[in-house]
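Please find one structure pasted underneath; my questions will follow.
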Amino acid sequence: MDFGVMQSYLPLFVDALWLTMRIGWEGIVLAILIGLLCVIIIHLRIPVLRHIVTIYIEVFRNTPLLIQLFFIYFALPKIGIRLSPEFCGVLGLALLGGAYMTESFRSGLDNIAAIQTDSALSLGMTRWQTIIHVILPQAVRSSIPGLMANLIFLLKETSVFSTISLMDLMFTAKDLIGMYAKTIECLTLLVIFYLIMLLPVSLIGRVVERRMRYAEFGD
Amino acid sequence: MQSLGIDVLLKGTNMVRLLGGLWVAVRISLISVAISIVFGVVMGVIMASKNRVAEAICHVYLEIVRIMPQMVLLFIVYFGTTRVFGINISAELSAIIVFSFWGIAEMGDLVRGALQSVPVVQYESARALGMNDYVLYTQVILPQTIRRMIPLSINLITRMIKTTSLVMMIGIVEVLKVAQQIIEANRKTSPNAAFGVFLIVMLMYFIICFPISRLSMDLEKRWSQN
Amino acid sequence: MSETLLTINNLHKTFGEKVVLDDISLEVHKGEVIVVIGPSGCGKSTFLRCINALEDIQGGEVLLDGEKVRKDAKNISQMRQRIGMVFQSYDLFPHKTVLQNITLAPIKVQKRDKKDAEKEALELLKKVGLEDRGNDYPRQLSGGQKQRVAIVRALCMHPEILLLDEITAALDPEMVREVLDVVLNLAKQGSTMLIVTHEMAFARAIADRVIFLENGVIVEESANPEEFFEKPETERAAKFLKTFEFERE
């Protein structure tokens, strides 16, 4: 292994990591917001909207991110919608993630007994107050494990961004291999940088999950 | 208004080629799932057996699978092994190796979870009724674990199929690659083909994955009730 | 007779084809304690849930001080604030401390000052012997303690009437007493209550009036609980009360 080569590649990988993380987190924050919005729509059984949400979830959960990205990046311009690669990346991740987040929140919501709503209502709370103060905090907490899994899943999925010419980690590695054929060095750097990005998230995820589970709900 | 390219698929053998590409993706996932189930069960039993060393190794293995993107693994196996060991493995074999590596870990974890989810009191009451180990496992424990596992393993199939779209990155001509080729070939006559063709590919994935994930969900719901 | 607080006129409730409550009428007077008894599935709990408009009703009306209580009415939140309810299962909010459980609705719904609400909550907690558990989470409490907190939570809203839905049914036997003592105290202080229970001795001690409900209809109503439990007028009530006695032949 040629460490000199690896060192010279380092700045490129740092840039790529930065881009990957930025798009990743932007997409994930949006995904969480989409998920919350969708789960409220489903929970309140808002007519029409809830059918749209259901279709959206099924489509995005049952097709690969790669084809979703291709569609957004290559197909939408054909009907006049032209977006920058970076925006496509964020959008693709947010839409895919939103579908998964909705599912996690929904299963969190399903874990809350109906009696919780009843007792909040019987205290004179409105539907909104019940959702904000009683249902949502519990739902978010009980969906933490699912949320954490989604987080890692989505950060991993960023590896397909290279296909729409975003200069992420994967793109950089592929590009350098193609140009200089230093395969081993590039692959090693690739693994190291994904570890840098994902290992902390995975570890923090485990800690948070454990804390949430034992500190708040003992029974 | 120019055509949005669905007509391109009706030309010549284009549709057949696309379906052929889809079959490549499905074939890779089915082979990988089969391997995953067999070795996943073995791994699950080992993990549930509470052997410290085995447990530690399995944990490291699970963590690798948990955080390494499949695409990175594909690159390592396809490009890396050639470099390091000088062996040339085909792209399809690389894909099967990577997906099995991933699937075995997931299945193993599922099997372990299912085995450990059976409450201790089930073992105790079976023993209190005088059952021996054979009857205990075949009549009481396994039926309960299998019911938990089947929906989740079906779910793994759809995830595998979706992830196979990545194999085009190591040069396998699967459905997405065929789609690109078709779009490229018809660039002159039908410049907007990307829209129609990618839409159809998306639909194909949906038609395959949706019923499978529905089945998995229904089974899970039905079996968790009793 | 003191003034009427709650009036139920010809209440009719169905679940699909099944008639759960059939033409129930009842008047509850201020300061009165009414106990509803009857076999499981007779509609007792549904009856209470209808009064608090937690269920759709198919006929009749519920009036609190002459004002209609309706599920889809604009003022339903105000009406529910005036009707306190405690459920069978421990329905405390698991993500909030005891004190937060009690003060959540006073602060958010009644917009009361946080300090005042907390002060009152602590006073009420003291009355039920839980003054030192304010910062605990529900999971740290026993069933009986949780149920006492649930009662305090309802009381802190200053309801005009309290609905208690089998509040001891899910408790271990040794915890039933501590909860029922709290309710007995409330009765002594003149609270208006509508109680659904399976504890016959308790019912007999606390009731001003007993209502025996079966298959969604009021079979027997008695303003003299002693007499009702000794010698019920209807055969069906007698048969029901008999199930609580044991004999070895």
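Chains: A, B and C, in written order; residue numbering restarts at 1 for each.
Rule of thumb we're sticking to: contacts are C-beta pairs under 8 Å (C-beta built on N, C-alpha and C of every residue); 3 or more make two chains touch, one makes a residue touch a chain.
Everything numeric here is computed off the predicted structure, so don't read it as measured data.
Participant: Which of line, ring, star, complete or other matches the graph of chains that touch?
Facilitator: Shape of the chain contacts: a line, open at both ends.
Participant: Counting only C-alpha atoms to place each centre, which chain is farthest from chain A?
Facilitator: So the chain farthest away from chain A turns out to be C.
Participant: For this structure, which two chains share the highest number of contact pairs?
Facilitator: The largest set of C-beta contacts joins the chains A-B.
Participant: When you take the mean of every protein CA atom shown, which chain's own CA mean is nearest to it?
Facilitator: A
Participant: Taking the mean of the CA coordinates per chain, how far is chain A from chain B in Å?
Facilitator: 20
Participant: Mind checking the centre-to-centre distance between chain B and chain C? Centres are C-alpha means, answer in whole Å.
Facilitator: From the centre of chain B to the centre of chain C is 53 Å.
Participant: From the mean C-alpha coordinate of chain A to that of chain C, what's the distance rounded to whole Å?
Facilitator: It comes to 46 Å between the two C-alpha centres.
Participant: So in the complex, the part of chain B that touches chain A is made up of which residues?
Facilitator: 4-5, 63, 66-72, 75-76, 79-80, 82-84, 158, 162-163, 165-166, 168-169, 176, 183, 191-192, 194-195, 198-199, 201-202, 205-206, 209-210, 213
Participant: Enumerate the contact residues on chain A facing chain B in the complex.
Facilitator: Checking each residue of chain A against chain B gives 58-59, 61-64, 66-68, 70-71, 74-79, 152, 156-160, 163, 170, 173-174, 177, 183-184, 187, 190-191, 194-195, 198-199, 201-202.
Participant: Using the touch rule from the top, collect the residues of chain C that touch chain A in their complex.
Facilitator: Interface residues on chain C, with respect to chain A: 49, 52, 54, 77-78, 80-81, 83-85, 87, 89, 91, 93-95, 104-105, 108-110, 137, 139-140, 150, 153-154, 157.
Participant: How about chain A: which of its residues touch chain C in the complex?
Facilitator: So the residues of chain A touching chain C come out as 113, 115-116, 118-126, 129, 133-134, 137-138, 141, 216-219.
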